[in-house]
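Encoded as structure tokens, the structure appears first; notes follow it.
Letters A, B, C, D, E and F name the chains as they come in the text, with residue numbers starting at 1 for each one.
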Amino acid sequence: MKAISLTEMTWQEFARGLPHTIIALCVGSLEQHGPHLPLSVDSLIPYNLCLKLGERERLFVAPPFFYGYRSSPFTGGGQSFPGTTSLSGQTLTALLRDVLQDFIRQGCYRFLIMNGHFENTPFISEAAHLVTAVNTKVKVVIVNWWDLLSPATLDRLFPEGFPGWEVEHASLVETSLVMHFRPDLVHAELIPEQKGEKHKPRPLVFPEPAGLVPESGILYTATGASPEKGAAIAGEILTQLQKIVADELA
Amino acid sequence: MKAISLTEMTWQEFARGLPHTIIALCVGSLEQHGPHLPLSVDSLIPYNLCLKLGERERLFVAPPFFYGYRSSPFTGGGQSFPGTTSLSGQTLTALLRDVLQDFIRQGCYRFLIMNGHFENTPFISEAAHLVTAVNTKVKVVIVNWWDLLSPATLDRLFPEGFPGWEVEHASLVETSLVMHFRPDLVHAELIPEQKGEKHKPRPLVFPEPAGLVPESGILYTATGASPEKGAAIAGEILTQLQKIVADELA
Amino acid sequence: MKAISLTEMTWQEFARGLPHTIIALCVGSLEQHGPHLPLSVDSLIPYNLCLKLGERERLFVAPPFFYGYRSSPFTGGGQSFPGTTSLSGQTLTALLRDVLQDFIRQGCYRFLIMNGHFENTPFISEAAHLVTAVNTKVKVVIVNWWDLLSPATLDRLFPEGFPGWEVEHASLVETSLVMHFRPDLVHAELIPEQKGEKHKPRPLVFPEPAGLVPESGILYTATGASPEKGAAIAGEILTQLQKIVADELA
Amino acid sequence: MKAISLTEMTWQEFARGLPHTIIALCVGSLEQHGPHLPLSVDSLIPYNLCLKLGERERLFVAPPFFYGYRSSPFTGGGQSFPGTTSLSGQTLTALLRDVLQDFIRQGCYRFLIMNGHFENTPFISEAAHLVTAVNTKVKVVIVNWWDLLSPATLDRLFPEGFPGWEVEHASLVETSLVMHFRPDLVHAELIPEQKGEKHKPRPLVFPEPAGLVPESGILYTATGASPEKGAAIAGEILTQLQKIVADELA
Amino acid sequence: MKAISLTEMTWQEFARGLPHTIIALCVGSLEQHGPHLPLSVDSLIPYNLCLKLGERERLFVAPPFFYGYRSSPFTGGGQSFPGTTSLSGQTLTALLRDVLQDFIRQGCYRFLIMNGHFENTPFISEAAHLVTAVNTKVKVVIVNWWDLLSPATLDRLFPEGFPGWEVEHASLVETSLVMHFRPDLVHAELIPEQKGEKHKPRPLVFPEPAGLVPESGILYTATGASPEKGAAIAGEILTQLQKIVADELA
Amino acid sequence: MKAISLTEMTWQEFARGLPHTIIALCVGSLEQHGPHLPLSVDSLIPYNLCLKLGERERLFVAPPFFYGYRSSPFTGGGQSFPGTTSLSGQTLTALLRDVLQDFIRQGCYRFLIMNGHFENTPFISEAAHLVTAVNTKVKVVIVNWWDLLSPATLDRLFPEGFPGWEVEHASLVETSLVMHFRPDLVHAELIPEQKGEKHKPRPLVFPEPAGLVPESGILYTATGASPEKGAAIAGEILTQLQKIVADELA
């Protein structure tokens, strides 16, 4: 069996793979995901996708980053739900920059950062910029997994019309993926009958006003989620990831 | 005549308005905007919108922030065009936090931050979070002006279908607005016949690959821009801004 | 079944436990641990100890911190082995401070930080200082698990004399604990016949000189490790931890 | 007509001038300047001087920095007047360093920083030091415009004896220069009959004691200011600036 | 004998004096001071002045800060002389802020900061601002010792006209003071026959141009220095310091 | 007589020694040391050891760092005694990094850092790491002086068994060394009859609990200290230091 995850690997296994490997970094958040999903959804999905990808590509998966940037009420439920525990942007950037730099010191130059939490993107990008600006050998590709689903797939999943990724929080796609990867962690019986609003742009207000997010923490709806849908979604994402690896990190 | 802009106001005029005023902060970028628009489009539009708003509402407009966060090739042309001159995220956040804090010290508690550069949003939000987290009197509303146009307006402006705000860089809407506010700064004769691709999500790659952006720097197309369209767009935005002021900052 | 780990818990389970719970934070490192143990030993041991403790006490276990401070050649093998991937002290402190602060914001005031990597201690302490200096409600207890074994136990484990915790890296105690908690991750057949030197103080030299650490990465010896010893060690540590919880965090 | 100001220039105009241009950065403050002058005097004067210089030399003028370091009661009126809105030293340095660095990335190596606010000088110098210490191609010249007037001119302007630059705040020289550059922004009718003390060194006391600054905010006197004097002063400064450009930045 | 210096005091002596004492902090630099004076002149003078002041006032003298901000060629000889070893502005501010804060934690609220190095002033001020902005009980007075000499004294010391404090580096006043306080550290026989230029404002150029400073490192002249002059100068400064203590820190 | 201390040296003496010298940096703390020793013990001992070493080796002793990291109740008495005045870890690291970097700029590449305060070690190491990671010419050796005493010496000094260095605070060894180097600063008559506990590991608790440290501030006992013992201890340390210089810094 191939060693894929750095947490389970000895230093000698790592050393043997080092010259020709890509390092995958998975960045999530500790954030409410409705009454039916665990707080770690945003790292769980990227980490499982990368482990699967590691079965197909030369790729080592680094230990996941469980904590991410503060949740926005428009895309993740905001900071007011108990359990949502977040980093400042500066700390998230410093954390990723340090880890990237220390892998680079060891001779790793190709990185795939798989992000599972919308709000992280700019702070991950800042870290990627900082390390590539000073070392031309390094290449970093940042992927938000939801960007890899095709419009055709979204049409199939949402016959009534796709509500927008911003409200797909703890909703059909995430629920299906967790049902696929970790069915033991889904409390399907607690999924409420509810349908939130579709996404529309709104001004950002600080401090966060009350009442922006449905009480359950699900932004749109998880009704209709299934492990089969999760498997299909994961399959399409993995195919796209293989293409990205071939195009950008070969 | 009412004093609106802090750059043109004496301290006594400011002091008289202080107890009942909103402070508007305009954040832009120094960034390529095609062969026909100046580098300062992203601060010019918010600043002119706020000056107009100041004619209708009790509002003081602070000096504009001309420098913003690094440009992404998917939403602004990237950092490779000469003239695009940017701040790190940490510096942009520190700059806004310092200015907000020093207005708060003087007894200003209500802020409207008008943003003209997509990539700034998270770093502005971080500053807004930092100052509101330690002072419950303070309220900060952040508006990206393009979020205020209705789908109906976009349908009217783009009969062939709206390409997405990400590619509306140096394109029809921005060009029309500059034609409306500062016609002297538009080189209409240099607008190329071109039409870029519509927005589709792509992985972020660092360092920035060549060839992602059309040579002109216009992401979609500026053909069809006009001062009349600019006036109509500005009018709709101002109506929406008045509503936001009434709802959130009264 | 009781939910103990925040990664597996919904926000509602967390909310119900919040008023009377202690938060356990486990801090490790990604660091070589000989040819027979995985890179994550230093987070694996604290995390499993805390999960066990959570079966006995009201305690929620936060997601582990897999990355720690740079490894010293005198206590962990140094930074020269492939796979050892570390943070700066400033980043580690910022990371822990951010997480502590955001739990405090939610009303959590009692923290048990279980450390598995010697070099982390001062940077964890700095974070604990920073959050307790500004909020008198907060109490943070930091435990290095190895400090909880009694001299009597060490005498039993090391009939030839205890060599000192500094060289107990990837050696008998750590190996036994991983054999107990995660036997699937131990390559017992790769444990070399070797015995390193006992600890003696030496000047710290930068850059790290070559040759300070045995080639295997084991500082003393792993010979004689067994799951039974691991169970006994874990048992004594858990008893001590319960006492600390009762004395300091009740 | 030559494009001089980056805010009004397209990226192609900038690109054409890039190989042989100097970048001028104007740093001011948002600070009380008496009942008769606007809050932006300290950026207005440097910016207008640089635009004039740009008519004579190959020089591009970057967008002004409107916010500067905290005002001292001995040289600018202190922080207690409404409207005076300032940055910390660390932020001002970071802001200038970022902007310098990003111009350097584009191949600009010669910079003229024109300062209009006494208290900024050390924080500007720190930024200049940071970028020149790591790149030997770069040269930065920092000019406080008031240092360019000759003793002979000062004798002419102040027949009763020059009171010292520290108290020349909102006083004769600044008022005359604004009368010259932007007469529309001067409320000459509000200039009080007053004459402050000449400068003498005093200990710096924190927090700022009350009563150090005349109520008007004028440190010495603005009586006698005229646009003609402003034109003469600007003329002498420009001559000196041309000499500095020739000597240091050719 | 009264204990005055914290370096020589036990904690109990400190504790007894704490309720009614002023803490004096002496900030200098490690900087060339000509062929005849030691590198520590800028801390030596403030420290000895404060010890003397401590014989007259209730005042504890904290250990000196030997390292200061970078030397400017116009006021201290610049960074190019061997031995001149300096801090960044940010570090100097952090150092003083930490020390002030930790004295404040112990109940010390009145501070006299005696500065011996011109370039330090803004970075000391920033620290003083930071601690007084968050605690209204605290008062910090910053004194540059040279500001305490009267014009009459300067006339007496410089019959040919005072050249300006900026060039009084390693020159008559500093040399006389070291002759007074530490005659054993003065190599009077190495004082060159030289007379530098009087101070005139010049643009700051980075990197520092060669040739701005006389080869000896003395900016004006040390000829004529004597211990008697040093005693008279110290006497006048001490009288002024007593007045400042009475006026500002009683 | 040889110039050894930079505080007493001219720039020309420094310049002559520069090509072949080691720079010694002494880092201490301002911290309670019982009723009989001054607050500066932790810098006094390293500084005197280095001056002695400088009589035997080519070595320049830089001005001491009097302020160190926060005192822990288990190794230094904690922060609760009046007089203990400390830096944050980040500031201590920044301070040392700045000083090391500025000596490196002058061509000094070999450093001996002599530490006198246990809690400083990791923050000194971080600074040493930072400067050596970017310049392969630089070598930094960090010595805690107490690590240089042999077990045989400790047996001789402590016939009843060595209690552990952690509790050797203000106790026999430190007292003897100060009696040797600065007998004028020891109040031998105030040494209490007391014997503290031997060191045993304990969890670190924040905020610091009361009652962990004996009221005197002496962690074990100072009874039996003598200048003769101090001379013998200093002698052994110096011999070991010469060996370290020969082995690591020649």
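To be clear about the criterion, contacts are C-beta pairs under 8 Å (C-beta built on N, C-alpha and C of every residue); 3 or more make two chains touch, one makes a residue touch a chain.
These figures come from a predicted structure and were not determined experimentally.
Chemist: Touching both subunit B and subunit D: give me those chains, sorted by label.
Modeler: Chains touching both subunit B and subunit D: none.
Chemist: Weigh E-F against D-E on C-beta contact pairs and write down the one with more.
Modeler: Taking the two pairs in turn, the one with more contacts turns out to be E-F.
Chemist: Based on mean C-alpha positions, I'd like to know which chain lies farthest from subunit E.
Modeler: With centres defined by C-alpha atoms, farthest from subunit E sits A.
Chemist: Farthest from subunit F by Cα centre, which chain is it? Let me know.
Modeler: Result for the farthest chain: B.
Chemist: What rotation angle, rounded to the nearest 5 degrees, superposes the C-alpha atoms of subunit A onto those of its identical copy subunit E?
Modeler: When the C-alpha atoms are superposed, subunit A turns by 180 degrees onto subunit E.
Chemist: List the centre-to-centre spacing of subunit A and subunit F in whole Å, with centres computed as mean CA coordinates.
Modeler: Going by mean C-alpha positions, subunit A sits 49 Å from subunit F.
Chemist: Report, in whole Å, the distance between the mean C-alpha point of subunit B and the mean C-alpha point of subunit F.
Modeler: Their C-alpha centroids are separated by 56 Å.
Chemist: Quick check: what residues of subunit A touch more than one other chain, meaning two or more?
Modeler: As it turns out, subunit A has residues touching two or more other chains at 88, 90.
Chemist: Using the definition of touching given at the top, classify the network of chains in this structure as line, ring, star, complete or other.
Modeler: Graph shape here is a ring: one loop, exactly two partners per chain.
Chemist: Take subunit B as the starting point, go toward subunit D, and spell out the full loop of chains.
Modeler: B, D, E, F, C, A
Chemist: Note which residues of subunit D are touching subunit B in the complex, please.
Modeler: Interface residues on the subunit D side: 6-12, 14-15, 18, 30, 32-40, 43-44, 62-64, 66-67, 79, 81-88, 90-91, 94-95, 98-99, 102-103, 105-106, 185, 187, 190, 217.
Chemist: So in the complex, the part of subunit F that touches subunit C is made up of which residues?
Modeler: Residue list for subunit F touching subunit C: 69-70, 72, 88-90, 93, 119, 121-123, 125-126, 128-129, 131-133, 136, 138-144, 147-148, 201-207, 244, 248.
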